[in-house]
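So, here's a batch of structures to check.
First chain A sits with chain B, and in the next complex the same chain sits with chain C.
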Partner chain A sequence: MCNTTDINREMGKHEIALNYCSNKHAVQKGANPAPKLILDGEVVEFVAGDTILQVAERAGRGHLIPRYCYHPGLPIAGTCRMCTVEVEKMVKLMTACSTPAADGMVVHTKTERVLKSRAGVMEFLLINHPLDCPVCDKAGECDLQDNNYRYGPVTSSFLEDKRTYPKAATKKLSEKITLNMNRCVHCERCVRFSEEVVKSCDLMMVNRSWHKELTLADDKLGLTSEYQGCLSDFCPVGALTFNDFRFVKRSWFLQRHPSVCDGCSKGCNIEVHSEDNIIYRFTPAYNEKINGHWICDTGRLSYHQVMDPTRIVRPMLAHNGALQATSWELAQAATGHLLETAKKVKVVIGTDATIEEIRYLQAALPDMFGSKFTFRSFNGTGTLSTSSQDKKLDHLLIMQDKTANLRGAEECKLAPLENGQINDSDLVLLVRFGRSAVPAVGNGQKLILLGVWNSAEQASLGAAVEVMLPGLATVEKSGTYINCDGIRQQFIPAVVHLGEGMAVNRLLRFTKK
Partner chain B sequence: MMGEKILTKYIAEQNCQTIDFYLAHDGYKALRKALSITPDAVIEEVKKSNLRGRGGAGFPTGMKWSFMPKNPVDADGRPRPKYLVCNADEGEPGTFKDRLIMTKNPHALIEGMVIAAHAVGAVRGYIYIRGEFFKEARLLQRAIDDARGQGYLGKNILGSNLHFDLFVYRGAGAYICGEESALLNSLEGKRGEPRLKPPFPAQVGAFGMPTCVNNVETFAVIPYIIEHGGPKFAAMGTEKSGGLRLFCVSGQVERPGIYELSMRTTLRELIDIAGGVRNGKKLKAVIPGGASAPMLTAEEIDVPLCFDAMMKAQTMAGSGGAIVMSEDVCIVEATSILLRFYEHESCGQCSQCREGSHWLARMFARIEAGKGTHDDLITIERICANMAGQTICAFADAVTGPALSAVRKFRSEFEDHIRQRRCPQKAMLRAPATDSVRGQTHV
Partner chain C sequence: MATKTVNVSRPYTWQEKFYLFAIVQGLLITLKHFINGFFLRKHNTIMYPEVKREYSNRFRGSHFISVDKNKTENCTACYLCQTVCPAECITIVAGERESSKNPDGVKKEKRPVRFDIDSLRCCFCGFCEEACPKDAIKLSGKYEMAATSRSDTKYDLIYLKREVKGRG
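After this line comes the complex of A and B, so read on.
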């Protein structure tokens, strides 16, 4: 079933995955002198092999050319005809997405003819669109909406009944994605994505002409890929919506801040969408070297872990054999006392901690309490302890190591925990941020927990826990991760933590008077 | 005028489709001659003949062949095979000439394809035949088997070092698969949707290899050109369009059918040859080159049926299927029926074509039903302007051709429909008009 409608493959340019278009940059750079074209009266340099639209994007003028079927991460289809521009010496209007740029070309994107053509396409796309923006989740970030404001006709002369797809009006394609076929503009980004990028080939078009319809390749199977959320990201209309976000929030209320996904060692770049510091979704942020335009669904849904109602966000102290919420002063004092009195302390840091946190612990603890500390890292996901054992689980992004900073821990010379067991110490300081597994702790050792824990994880350690000090999750703090490919990524807080959790350096500062 | 024939010379004879009959009438002689000369010489001969593609676009065949790369290699330096594809997806309404060739003269097609394979260096040929042509596909298959049995196909054809074989591939009933790149997609087993061009099939065609796609009739006249020489063929036609051509005449004429005539013949002569308009009625309109061509009125038919003259008359020679409409025909209804066909057959890839063909069809049906408004005529013009020339393939132009020409040339009929809120033609045929049409109005 894996058919490609793509000309790139036939031309032998089919080089994959993250980004079809930016791949070309690297390959063909260095043409000397660089070819130039004139875009709306301005001379723009470009790289041979670019299409007009890519040239415009490179020059920072991509917004001049509207598009539906074109997506930089997908093969070029050239079917929506929205991106037409006028090229001097060419009779017809040319689609910017598919016309290769040539040296000396003169391109106009704002002529009357072009605007007329765009208004025409908009009119055609809108005649059968339900225009249910008030109840559509895409409203506010919808290409159709945006382009209509800019280029569309004011009124419609369509007197006929609108086309409807009765049976497929809202159809669940999987647990994650809902399809509303009536809203579809048939750009087929989703089909090309499933065929060319994730290669799951689970979406296809059936029928032709105006009743052309998007369907599943196998109705029983549904969508099978791990990247279903991306369908809703790049769907230019509200046809494919992500169930997790559906009817949850209007997009214009959301604030968007960049961060890094800590779901695996890939370290995909994300955008955190929140309102009043409540996170509503993660979406991918483009990074050519790491994740391209995509993130996996596990990463996308991992904001639930940050917003988890069972996450412990208040300091806790053991009292009469059970942990009870307390104030920071008491918790810090208790921590200081425990660290002061213990003879042998093991500090086990999950590989989901940032480099700064590891370095701080390595420096500050011996400085405050003397050299009774041994530092170990712990990963515990996917039975690996060093980054060399890490491997890809699919052809795109997902890695076996489910923590974000194993390589960072190695850079800090943190040795992995022997046998995944903690033994032979009086006191264990267990630092993790919700991603690395919980190590097994031998009997007779007191425990201080630090970082992001939910109540089940804390309960699994039983009565040995003396103090629980809540920390900050990745999107709430700043720091540095080194991903599986050795790329160092710094990030800043995307949201403000809503509980009482504190950054590691603040939280340990007052443990010693 | 009705002198020499090329393809239809023997069609009245019995068993004319058999290989024995074909061989008895100088069949496969041209192939021997072609194999004795170089491929370049064959192409040169075809160029001299001024043969232009008979499928509709009228592209010079010799030039198309010369576009095929000589020794194509892929990125690793391995040679890429070249393919030959025969477009037998004859779906254009009003056209039925290829069907005749395949049923009555299939060996001319096969011989033409082998010669073409020699000329362009193809290793394999596919005949993409329309899905509805079931009987024709079987006949063609038998003809291919016969030719293979006698050594005209297969390895070392006629003792030369030409290896070439032919395969029949049946389509699944989509009009758009007559467009060459949609045909190639369909041949590969994909959705029949036209590809972006460039790259053209001569560079990246079937299965990503250089491919030459020609119409049935184009291939079928090749043996004649090789046997009798290009100049003789060229002399039969006009200056730029050489040779004879099969013209299909349908609609309200006395003797509808296929006529093999010179490209010099005018449309009026063609209608006269077909017996004139049926029952002595007056002529109202002609669609000259298959349904996609803009209509001509009764006053405009004194044009030769060659590609250039037709272009000058703002229509096209197309596939050579003339649909004749007498004064009894309601142009609105006729166009509406045509548009219903196009609405159904658009591949749905490009926005304009998918939505526009649908919109136009609905609008024409509404006007025909007596529920049109004067604004509709303005809207039709606008829709057509937004569609034509803006899509990947020429389908959108094919939709707008008849629609626009009907509205422009027969505007009064549309206005009558709108004003009278009914179809005047139908009202005339039926009982005296009452005010029975209700349920409009958008004024």
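After this line comes the complex of A and C, so read on.
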């Protein structure tokens, strides 16, 4: 029988960091009969080395086993005792998360003994857990709430005062994370995450038992990792909360839609949490091949760019030397006029555009206005211009290239802009979606801006801007990105754009009569 | 099925033709009210607003938010009243209380920055009061909620924190 460390050794280091319970070794039916166990009277096949909890997860029955310390992306600890199940021919209840499954095992998850044990664990956890669900940001998506509702005792036999940590009741661990130690259930997910996944080793548990407390390794330094938001994601209670989301919204109001993060060339999968199309946060969505269970804080906070109050969301036209908001009809007519009268037009597309947008521009513009266009891509992350120059910035997810679709632009045969300068043309169409940098534009060239711009970026181009056509950000549109590893990802709109921005193919359609 | 109307022409009886009986009957009723009102002082009307009508203790009137001895509102902006409200008349914006103004520590670290009730939308069902885990929002016995402008009917936090003796 092989145990989890053997599996870990088999997989690459990177993969361990992303995902301890990999689905790579999926159940293969065929030559060798797979080992089987009986889970609640149902025969389930599994892979040697799985623990009982992983077997249940893979059989789609993970919801039968509650857990606090177990997380598929973290090493197994077996400390919370919530996942105990009854295994026939074993004297004691076994922890499902750490007991390796064996062929012919008979596992029960709903017996009276198991339920009594769960109720006991819940009662012990709730002895010291404050009843501050109205204040707590985790309420509504809290494992403790859910499990107490399902398995917990209705009353408590504990009448004494609850244990409190006066100094760590509202303690800022860093700019991004606040700790409320009163709520902690000592599952140590955060400690294992900082030690094994991000390897920053900045959190630790001190003291024992009643006095056990989560502390920083260095109080002056605080949390240092780039993945602090994940702490609040997987904290089963509201002990670690993300300051950006603190007291902002109750989780049950939020609608969740999948999308792709466009913060770097990794293309992490995210869940967009919004209400009435106003985005309140990004959380990671599990994707084994790309980001595992995690995303970085920069990506997590990048929704501020979409909801930026200075983002230009109305078409604008130069009038008396300044850009002024106008209607789509006028802006499109002006764009059409500029494109028709120009002799040499350079179209500079940021590598944050989707493949569909690049292909559309490449096909539609020469079709409408003749062959006076030269297409170039622009990245703007330092001197980076091809995907071969892109490199990892840490051992987990963050890439150097800060645009999402450099590989896609290369697939569309879009040559990078020479020297990052635009010189030899009389009209420039600048297409970017908030991620690629703004290229330097030489004097004497008129400019049409298209896509996601904020007022500062627009102002940096000066008076040369003739028309500004607002487009859609990644979470507002559908399209395809190719990430740094060549994985093609399609996405659909997660929220509806609140301004007057339009998709590129709709926006240029009426420029020519 | 359409209603069928039948006109019946019925001749008056001799009592009906002789109007005096009906007139005396009417005068007796008037006399009864006159005696009740003038001599026995039994009124069905009251001299509002000098005199106020007694309401049941369980009457649900204008809203208020209870405060503690430091005049800090008990509300922790948990949004439960906003969630349960069938008329969608409550709007809350939550925020963090300044630690210098918060002697209660963690207990009251979250506060409502805005707490607006649109009383014209409110149907006074009392669900908010029932949902509140802190007994913060309550409905008082006050029923005089007429206002001279529409903006006066939107209650903000300062108005809601006025001291009201609640019911029960």
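A few remarks follow.
What we mean here is this: the second predicted complex is superposed on the first by the 489 of 513 C-alpha atoms of A that agree within 3 Å, B and C clash if a C-alpha of one lies under 4 Å from a C-alpha of the other, contacts with A are read in each partner's own complex, and residues count from 1 in each chain.
Definition applied: a contact is a pair of C-beta atoms (placed from the backbone, for glycine too) under 8 Å apart; a residue touches a chain by one contact, two chains touch by 3 or more.
Nothing here was measured: the structure is a model prediction, and the numbers come from that model.
For the composite obtained by superposing both complexes on chain A, the positions of chain B and chain C are free of clash and fit together. Contacts of A:V135 after superposition on the shared chain: chain C is touched, whereas chain B is not.
Set against each other, chain B and chain C differ in how many residues of chain A they touch, and the higher count belongs to B. In the superposition on chain A, A:V495 contacts neither chain B nor chain C.
Applying the stated contact rule after C-alpha superposition, one finds that A:S117 touches chain B and leaves chain C untouched. In the superposed model, A:F158 makes contact with chain B only, not with chain C.
By the document's definition of touching, of the two partners only chain B reaches A:L125; chain C does not. In the superposition on chain A, no contact is made by A:V345 with either chain B or chain C.
Of the two partner chains placed around the shared chain by superposition, neither chain B nor chain C is touched by A:M94.
In the superposition on chain A, A:A404 contacts neither chain B nor chain C.
Once both complexes are placed on a shared chain A, the shortest Cα to Cα gap between chain B and chain C comes to 22 Å. Of all residues in chain B, those touching chain A in their complex are 74-75, 174, 176, 185, 189-193, 195-196, 199, 204, 208, 343-352, 354-359, 362-363, 366, 373, 375-376, 379, 382, 385-387, 389-392, 442.
Those residues of chain A lying in contact with chain B across their complex are 3-5, 7, 9-12, 68, 76-82, 84, 92-93, 98, 116-117, 120-121, 123-125, 127-128, 157-160, 163, 185-186, 205, 207-210, 212. Contact residues on chain C toward chain A in their complex (touch as defined above): 76-80, 83, 94-96, 99, 105-107, 109-110, 133-134. Chain A makes touch with chain C in their complex at residues 130, 132-135, 139, 166, 169-170, 180, 182, 246-248, 250, 252-253.
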